[in-house]
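Each of the next two complexes has subunit A plus one more chain, namely subunit B in the first and subunit C in the second.
And then the complex of A and B:
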């Protein structure tokens, strides 16, 4: 009897990409709607974006079962917070909560690559980017998922200051206007879809600003 | 190197610490048969090799061989480095990825001949490396071949057989037959035992009529009225099984092939972009490159993008860390 390594994995990768960009008074969060496994498409119409609080939206790619469990957990914790404090959680507070939740499962992680976007207490856009075990950072823009290697360099090129010596540093919050940021997101996803097989079908864009939440959809290549 | 060595061995064992009992000698002998090639140093009549056994004491084994047949290495794969590759992969070094076509290719026989179809996406893992590659390869004026699997393998094997067919045409003075191409391809693939990962759909019309064959990487073939191969083969075959019937007209055949390829393009992530079709009839062929383009780019920004100028260089200063030395030919060090 030959020995064989155990080959059942509790994880699967459902693919997809997410992006978030922070502006002076808005935040744009976008993700594609394709859910796949291996070379097959499970559905063309799956939302990876979840509204955690009034001013806080999370987009996650990776293993959608873990993502769904994580969203449920955060929703429950938010409800408790609302009962105890009589107000909604702010985006930086939710960011910290997400980080702690992820690290709690450090030794059996949520296979979930998250990007959190929203408005802070002053109404300025903020984006937080995470790894699978909770390491996070406040940034001006970020992307996660299978297309992130294709998307991130382009965002760096357009939004990042070429050198920290050239003032004012562009990084933190982009000076782009809201329509320009949405245009950038659409371009970036159209390009990622061309070259990444796991990204495509439809793009869901959520825009958060002082007047509330707005949702937009755009068709992507279906092949 | 694979060499067939016929040995009749009588072993005498001598150890550092005295003589061995019979049991140990048998074990050593059986080990000796298991790894004969690795350590064979071919001196005249006796073969010496050093065996390191479990207790890590080294035994010098002196073997008298009765007959040694020296066979020159034949063509084909040399498996010398397989053990090294296994060792490396255990240490975590990954083999470099191949560019596979992750494809949908199809063929069908209609009333006047055969129609071949293919998608145009080439992938390297999860990334599309070519959005519009050609998967329908020319074999002869009346024979074409679609290829799935490793792109280099399909290209190389179809080019090679295409050349062989041309030489054969010059030699015989006749139009090539599909079964000739089939036999050349299958015997090549079989001799490489599946290591040449090319899965092909071969179709053409010759003096004996229209023919369609599938060829698998290990060298087996099927002769079929309709066939699909590649990662999108199941999606395409679903369409064929529903809608194929004998005696299709040219228009019906082209539409059915396009539908099958589109099914692969939209439902299989390894296939995509455009549809290529090739129609072969008696004495005539039509290669419809990009017959359908169902996947245009969905969004092009109206305003375009500008790219910031690179940081200008203010000063270049090179400080060598070590003095440059001139290397001259070695003298007596290495001479025997």
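And then the complex of A and C:
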């Protein structure tokens, strides 16, 4: 009779999808509000979006406990930054901090798939996309989470991003207007909800622009 | 740190001295807890069984306890870990009271504390093997949340642990509504507990219902549910298979 080993996993996948799209003077960050485990839905109304700074919003899916711990960690670091620098962190600065924070736990990772969206110091939209251990890239748009395989190709098609291999690098920020981008996000989630069991219930959209921050909600299929 | 690396390269070769110090599997366990928000606060139900594997070892385990002035904690999973958590909360509430400043920790704060405790233990690979339901009312605000052994947490209008997630949540999704009366809330919880009694192997027919409102906590005396076994298929169970039992 061999010794019984630990049969619990420190990780779980609570599902969900996140998207962010950068515009010339706005940024749209969206995520569904479903939280699942296995084939169960735990709750239909859990926000995956966290405002880290005035012009910087993060959406994360994956293991909810790690996501929440990461959000708290970054919020605490931002507070310290504000005490020390007497200003808000810029989105690119927060992007670097998030990458470093994730890599710090390279050997027991935060199971968190993040997109960071916001406005840079010139007010232009910026989106950063991450893997679970902190490798990141500034892009014009991105999706992460359980529906990302369904969403990303559609965004590639609709936003016609220039090849990242071009030299000099072309700006990937979309020429779409803000209402067009929001509409695209709604379309994208409605589609992902059809085929991804972990995406659905409700869509939460955060829009950052020169006038500030705005939130919109849209119902998604509950099945 | 060394321990962390070895556990990742080969999970089977954790060094034996450390093994005896960390939770590997639960011993005495409680089954589902269900909680719902109702008009005046929170209603919670749990049976009083403490199972030792497949043996029903303890039949009077109180799995719901009041915490401070504003909260009620229900737990499923390892009973000794629940007792440990109550010990931590005792200290938390004591320190809160010793400030003597008119403030008191509400259910949201206690839930946040529990989430941090559970998550930290999971980070150390030595979890408290419980799924907790934390409900309460403070300043008219109702709160109902849950935390699992790995730190997954959320709040909702109705929550359940373990088998309750599979059997009770669907009933609650269908029949729960805002501003349930106390009687309707109890009827709803009893309906869920009855289904659990029929279908959960570790459920026992001795339960308590707890209520928390702005006024305080009331935990009912233990009682049992009426069950119905008079199905025709049970009258002559071998009618389709002569010779069996």
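Quick notes on this structure:
Everything below uses one rule, namely that the second predicted complex is superposed on the first by the 206 of 223 C-alpha atoms of A that agree within 3 Å, B and C clash if a C-alpha of one lies under 4 Å from a C-alpha of the other, contacts with A are read in each partner's own complex, and residues count from 1 in each chain.
The definition used in the following text is that a contact is a pair of C-beta atoms (placed from the backbone, for glycine too) under 8 Å apart; a residue touches a chain by one contact, two chains touch by 3 or more.
From a predicted model like this one, the values you see are computed outputs, not experimental measurements.
Taking subunit A as the reference chain, the count of touched residues is higher for B when subunit B and subunit C are set side by side. Using the contact criterion defined above for the overlaid structures, shared-chain residue A:93 touches neither subunit B nor subunit C, since it reaches no partner. Of the two partner chains placed by the overlay, only subunit B lies in contact with A:196; subunit C stays clear of it. Judged by the touch definition given at the top, the superposed model places A:69 against subunit C, while subunit B stays out of reach.
Shared-chain residue A:8: touches subunit C; no touch with subunit B. In the superposition on chain A, A:40 makes contact with both subunit B and subunit C.
In the overlay built on the shared chain, the residue A:108 is in contact with subunit C alone; subunit B does not reach it.
Where the contact sets of subunit A with subunit B and with subunit C meet, they give residues 40.
Chain contact summary for the complex, subunit C toward subunit A: residues 4-5, 8, 11-12, 14, 24-25, 115, 119, 122-123, 125, 127, 129, 149-156, 165-166, 169.
Interface of subunit B with subunit A (complex): residues 102, 121, 123, 126-128, 131, 231, 265-273, 294-295, 297-303, 305, 307-308, 310-311. By the touch rule above, subunit A contacts subunit C in their complex via residues 4-12, 14, 35, 37, 40, 42-43, 45-46, 63-65, 68-69, 107-108. By the touch criterion given at the top, residues 36, 38-41, 146, 150, 157-158, 162-163, 166, 183-184, 186-187, 189-190, 193-198, 218-223 of subunit A touch subunit B in their complex.
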